[in-house]
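The first chain written gets the first letter, and so on, giving A, B, C and D; residue counts start at 1 in each chain.
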Amino acid sequence: MTGLLRRAPLALPLLGVAVALALTTDSFLTGGNLENVLVAAAIVAIPGLAMTLCLAMGEFDLSIGSTVSLAGVVCCSAIIDGVPAPLAMLLALAAGALVGLANGLVVTKLGVTPFIATLATLVIVRGLSLAYTDGHDQIVSSATLKYLVGGRPLGVPMPILLAVVAGALAWWTVNRTRFGRWVCAVGSHREAARVSGLPVDRIRIAVYVLVGMSGGLWGLLISSQLQKGNGQLGLGFELDAITVVVLGGTALLGGRASVLGTVLGAVLIETIRNGLNLLNTPPAYQRISVGLLLVTALALLALRRTPAPAPAVREVTA
Amino acid sequence: TDPNAPKDDKVVVGFSVYDMQYEFFQKMEKGTREAVTAKGWEFKLHDEKSDENEMVTGAQALIDSGVDVLIISPFKPSALGPIIAKAKAKGVPVIVDDIGGGGAPYDAIVISDNSGGGKLAAEYMAKQIAANGKTGKNVASITCEPSAVYAARRNAGFKEAIEKAGFKVVAELSGNSKAEEGYKVMKDILAKNPDVAGVFACNDPMGVAAANAIKDAGKSPVKDIVAVGFNADPEALTAIKADGLAATVAQDPTAMGALTVKLAEQALNKTAITFDNAAEREVYNPVQLISKDNVDTVK
Amino acid sequence: MTTTDTRTAAPEPVLADRAERPSLGRLWDTWGITAILLLLLALTPLVAPGFLQLENLQSVLRESAYLGIVAAGMTFAIAAGAFDLSVGGQLALVSVVTLLAYGAGGTPAAVGAAIATGLACGLVNAGLITKLRVPPFVATLGTLFVFRGVAYILTQDGPQTLPYDQIGSPFVKIGGLNVAGVPLPFVIMLVVYAAAWVLLRRTATGRRVLAYGSSPAAARFCGISAGRIQLFVFALVGLSVGIAALTYITRVWTADGSAQDGFELKVIAAVVLGGTSLKGGKATLIGTFSAVLLVSVLNDVLVGQGVPSAYQRIVLGCVLIVALTVDGLRTRFAVPGSLRRAVAGLAGRSTDPDSA
Amino acid sequence: MPAESPVLLHVDRLTVEFPGVRALDGVHFDVRAGEVHALVGENGAGKSTLLKVLGGLHRPAAGEIRLGERRYRPRRPADALHAGIAVIYQEFNLYPDLTVAENVFSGREPYHRLTRGIDYAELNRRTAQLFGTLGVHLDPARTVGSLTVSEQQLVEIAKALSVDGRIIVMDEPTAALSADEVTRLLDVVRRLRAEGRGVVYVSHRLDEVFAVADRVTVLRDGRHVHTGDLAETSQEDLVRLMVGRDVSAATRRTGAVRDDVVLDLDQVSAGRQLREVSLRVRAGEIVGIGGVAGAGQPELSQVVFGALGVDTGAMTLDGRTYRPSTPADAMAAGVGFLHEDRKSSGILPDLSVRDNLTVSVLHRVRAALTRLLSPAAQTAVFAEHRQRLAIRATGPGQLIGQLSGGNQQKVLFGRALAPGGRLLVLNEPTRGVDIGAKMEIHQLIDEVTAAGTAVLMISSDLPELLGVSDRVYVLAAGRIVGHLTGDDRTEENVIACATTGRRVFSEVAA
């Protein structure tokens, strides 16, 4: 238990919130509601896991919200145009990967700082979705697409299954593969990684492609729920994805990645949101509660952290 | 008219639109533009892009560019003040389209009867619940972002009428006008109140999303939980036809656009306008309840 | 076997001052975006004849001010290696409180409330960062929600609005007046930039901010206190939001919790586009200033030419990338000789010894 | 070294240019199998630049490199690794957030045959084995960010050895090492030579060069001035070739020490690193602190500078209670400080030389009336320091990051002098500094003591420690285990105290 708490300090606030909700509401602990929370958490955890790699690399991708919209538009308009649904879904993932590739190339080959590069693609990609649809909903009715959120293989809702697989893969990648270690190496000290002969550009591009694809999957999940795609979906999602990662404790300066933290961060955020709704909290108070809980949880984490000795070498990349 | 006549003679209408990303406003723009060009007048468009700063800057720029009359569908009605102040200084009449007037001295406002629309939704919901043979007395409401005054009116109209019909609004939560949030909020409502008999959403993206959540929970948004939206967006009409939504309240943005042009002409000619609500200088555009019974009559 | 070179040159006179010629790269750091702005301004009249009309120019300058003023404050935060994600929430909250104060006590109360609320927001951030040791990114992400939340609570019954009958009030003049043809908000912005420039370049505090941003560890041993720097920059951002809110609210007359959604990204983008490094230690206020105007002018031209908003986005995004590509390529080719080689390669010549 | 053994590396007419600087100008140089070839020269002579070209970090403007018979044109660091060239750079290239083992084998992590994941057991085993050959114990699983500078240097060395290259290039590898670590490193270098590899060895410590190298090449101002067998070269010749004039060795003139005690530590303890330390420094006196790495030297200096809190015990400065809680307090009391880690805790890389010099005394370069900084006053400070310290910079506005390591050190020395009053705390004042500059810094230390300043100097360079200090304290495990004055100040005594636990306390005369 103490080991878990050390590696996943977020477990404590999560437990606190859950106990509080169990005591103050009679519906929080029902099976249906817990499934709600976990499905919602799974949906944001999936892109959160890719974003974890990006933050561990010391960079971040602001364009993911627009990718959500683009993926939905690509998938749904393809289905409308008669493309078989599975293929349409692959096309959406490819579109996400393409956005990631564009980000990666602009960041590495043109040397544009990631903040601006991905902010620019945020604007451009949403512009593309809007221009392509001319602001119209792309409405579908696809059982295949629906299976992504509605399917229950082995009795487990698909999003949860996907998130578990993604989480396991992410954990393995970060802790047991060269690629994962190299991502952390680049985040810890990019110049050192270059001097050590790591293929820094390719690592960075790969991470952006992963984030792009996860954005594509996120878009598919949203479009699966709503059975439509349009240029307005996914607005502001970039902050949601980054928030769960940061809440999970992956250092913003890069170099370290907490996969478990990200998953718990997603569960915590969604538990809070669900709880506020169960308590019928007026919208004005919802925001302030989320903000206060965020700050409190992180202040607690920061206070618990013993100050690390000043690293002898540290490069902040942004 | 003489094509060689000096340009000055031609009436120029400036139209500032809320956001051309939305079909609702695309239709409103179409109705306005067509009515303007039909009169042989010139049409100038500005897109506020859902931003109050852009709204003020752009509308003032239209006035600066010498329009004879300004029609505006304001992103933030409460930011109309500085625009109307400038218009007054230059003697340009202002007709507001939809959303709200924010208390500024515009010449007239064309507005859907939002409160009446909420009432229509409530009456339909009560009737349909009974027709479904349900006895539950609990309903829910999903609201737009807290700052949307027009949407608050819809909710207030709905609430008053549904309570009068003997129901109780057990959950009133915001989906911030967004489909994604409307879906999640509906899931939370279902978890807490599995027995709700109906749900009203302040716009169609949230309404259809809530209906999807109901379907994903294995229930019908027509027979089990009566889901009603607002707007008659194409997605709502499609859903109604497929039993994926019970009803919506239709506004007619194209007609509203045409109506604003008519009022603009009256204002230019200084002829008196007949108001539905003289105190607020409101001219109502009727709303209509659309369900499976009449969905085919909507174009 | 010993070889000693005979062609050893006379030892370089160590103390002679080699002519200090600022390198092209460093000139670009400070002036690059200004050059792009001037280029745009030179081309604009060709594509958009209406642009040069006095009223249009006034409008561009007037509407740039609030973003520009906050960007000046943000330049300090970024120079110190941090950034403030909460400015959108701050702007909403300050604007709401300012309107409430105006209702209660008129212009002086409103001006006082704006400054005080802005500073208070900055101090809340500073407190979280220095006292509770929450990293700035996280702390300001949290307060972004909190400030907007408080603004929402204060506007639950509808947005705070300046009543129309206040049209003659001196308060409204802040946003509406022209001073010798120049909009007052822009005059305020100019004054803010002048003061910010002096603060950054000519005061001990400004130098310490840059020192801290360049290397927090080394700055510590120069007697610079991290807490004081963070307190200073976050308070300064708050103050800048306070001033900016005055020019903002007197132009749009209304505010609620949703005011200027996404403001933080626009502000940070302007600062970075201007040439201030997110790594800290390097800052250019001239760059920030030009970047703010660049984005405004571009927006004005696109809007004025009736470009649909979807395409406006695409153009704006591409311009962001292109503007920073020049800078990015410069850093990329900072490897000695590589830029020359690249240029020579383009010209079909070769100075590469390897390919000889 | 067999003269007929094959040439592994041949550098010809190599020229490298930076904006405004020609760092290398037609340099030639070669390395044979089974040879240790030393590369020496003053700060800024171009040594590191040459090595960076070999490592694929810089591309030359002209010239040619051959490996054996093959042309060698590295475009990126990976090319150097593939060609069998391993480089230890002067500046560390480590990932602070990763473990020692992950750093050492970065890019070459072993995979487990069954799980297809990184085999951490194997990784750590190989790393421990490498450290074994270096004769040090370092936990492979420790995070590099938590290591001391000397431990980080050892990681860099292990990293280069792990490559198993034919040519090993070392840029000032001993600058941060303690005496016994240096001894072990030199043994490793000899072993590499015996294995038939070529070693390029850069150092400012000529005793090491003479101890380990076969041939030497001297660079001056980016040009080649000499290549020859070390057996045929005397130390004086070498120094003359490097600096172009004669330089005398470090000796402390005596007589400047006054009676008044400036700094007095009484039973000071701080954390686990410093225990019941008592010492005194008088006006005009240079007190040296010796010991193996990790004995508490940086902690002692930081306690005096207010960067580390005192748990128990008391300090006085000029007889008054002295409890600085921040470096600013210490500076206000007239205490100057030089950090041992130039790169991460010394320079402000984005700031100019002028700003780096004045940043801790900004109140002195302000106009009296407006309190605004005066660029003229700052430039005057720069001019004065450049004159005094012979700093090679193109001008006051040059970024400090662009100076050679030694010149950066001189700027930081100048900064430490700035508070300019009572006490100067110097950590490794001449680390990475060339012999000429070293003498100049020693002279400067002398000069400031003549004016009555007290100096507390920490140095792992024994000749410096003994040659410059009036008295020497030796630290071991946070305690003072030796106090050497007069003729007791010998290398043997220092090493004995520091490593064997023998305690030597001289009779204090005054």
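List of remarks:
Operating definition for what follows: a contact is a pair of C-beta atoms (placed from the backbone, for glycine too) under 8 Å apart; a residue touches a chain by one contact, two chains touch by 3 or more.
Source: prediction; values computed, not measured.
For the pair chain C and chain D, chains touching both partners: A.
Annotation: 37 Å between the Cα-based centres of chain B and chain C. Chain A and chain C have centres, each the mean of its CA atoms, that are 28 Å apart. One inter-chain figure worth recording: chain A and chain B are separated by 34 Å, centre to centre, where each centre is the mean of the chain's CA atoms. Separating the CA-averaged centres of chain A and chain D is a span of 44 Å.
Shared interface positions of chain C, i.e. residues touching 2 or more other chains, are given as 152, 155-156, 217, 257, 277, 280, 308-310.
Chain D has residues 57, 344-345 in contact with two or more other chains.
In chain B, the residues that reach two or more other chains under the touch definition are 20-21, 145-146. Across the assembly, chains come into contact as A-B, A-C, A-D, B-C, C-D. Only residues 55, 57, 76-78, 80-81, 89, 92-98, 102, 106-107, 109, 111, 115, 117-118, 144-147, 149, 152, 159, 341, 343-345 of chain D touch chain A when the two sit together in their complex. Of all residues in chain C, only 1-5, 7-9, 11-12, 14-15, 17-18, 20-23, 25, 198, 201-204, 207-208, 210-211, 213-215, 217-225, 277, 280-282, 335-338, 341, 351, 353-354 touch chain D in the complex they form. Those residues of chain D whose C-beta lies close enough to touch chain C in the complex are 3, 16-20, 57-64, 71, 73, 220-221, 223-229, 232-233, 241, 244, 305, 307, 326-328, 330-331, 337, 339, 344-351, 355, 359-360, 362-363, 366, 371-373, 386-387, 390-392, 394-398, 415.
On chain B, the positions that touch chain C within their shared complex are 19-21, 45-47, 49, 51-58, 60-61, 64-65, 76, 78-79, 81-82, 84-85, 102-105, 145-147, 149, 152.
Those residues of chain B that touch chain A in the shared complex are 20-23, 26, 143, 145-146, 171-174, 176, 178-180, 183-185, 187-192, 194, 205, 208-209, 212-213, 216, 233-235, 238, 242.
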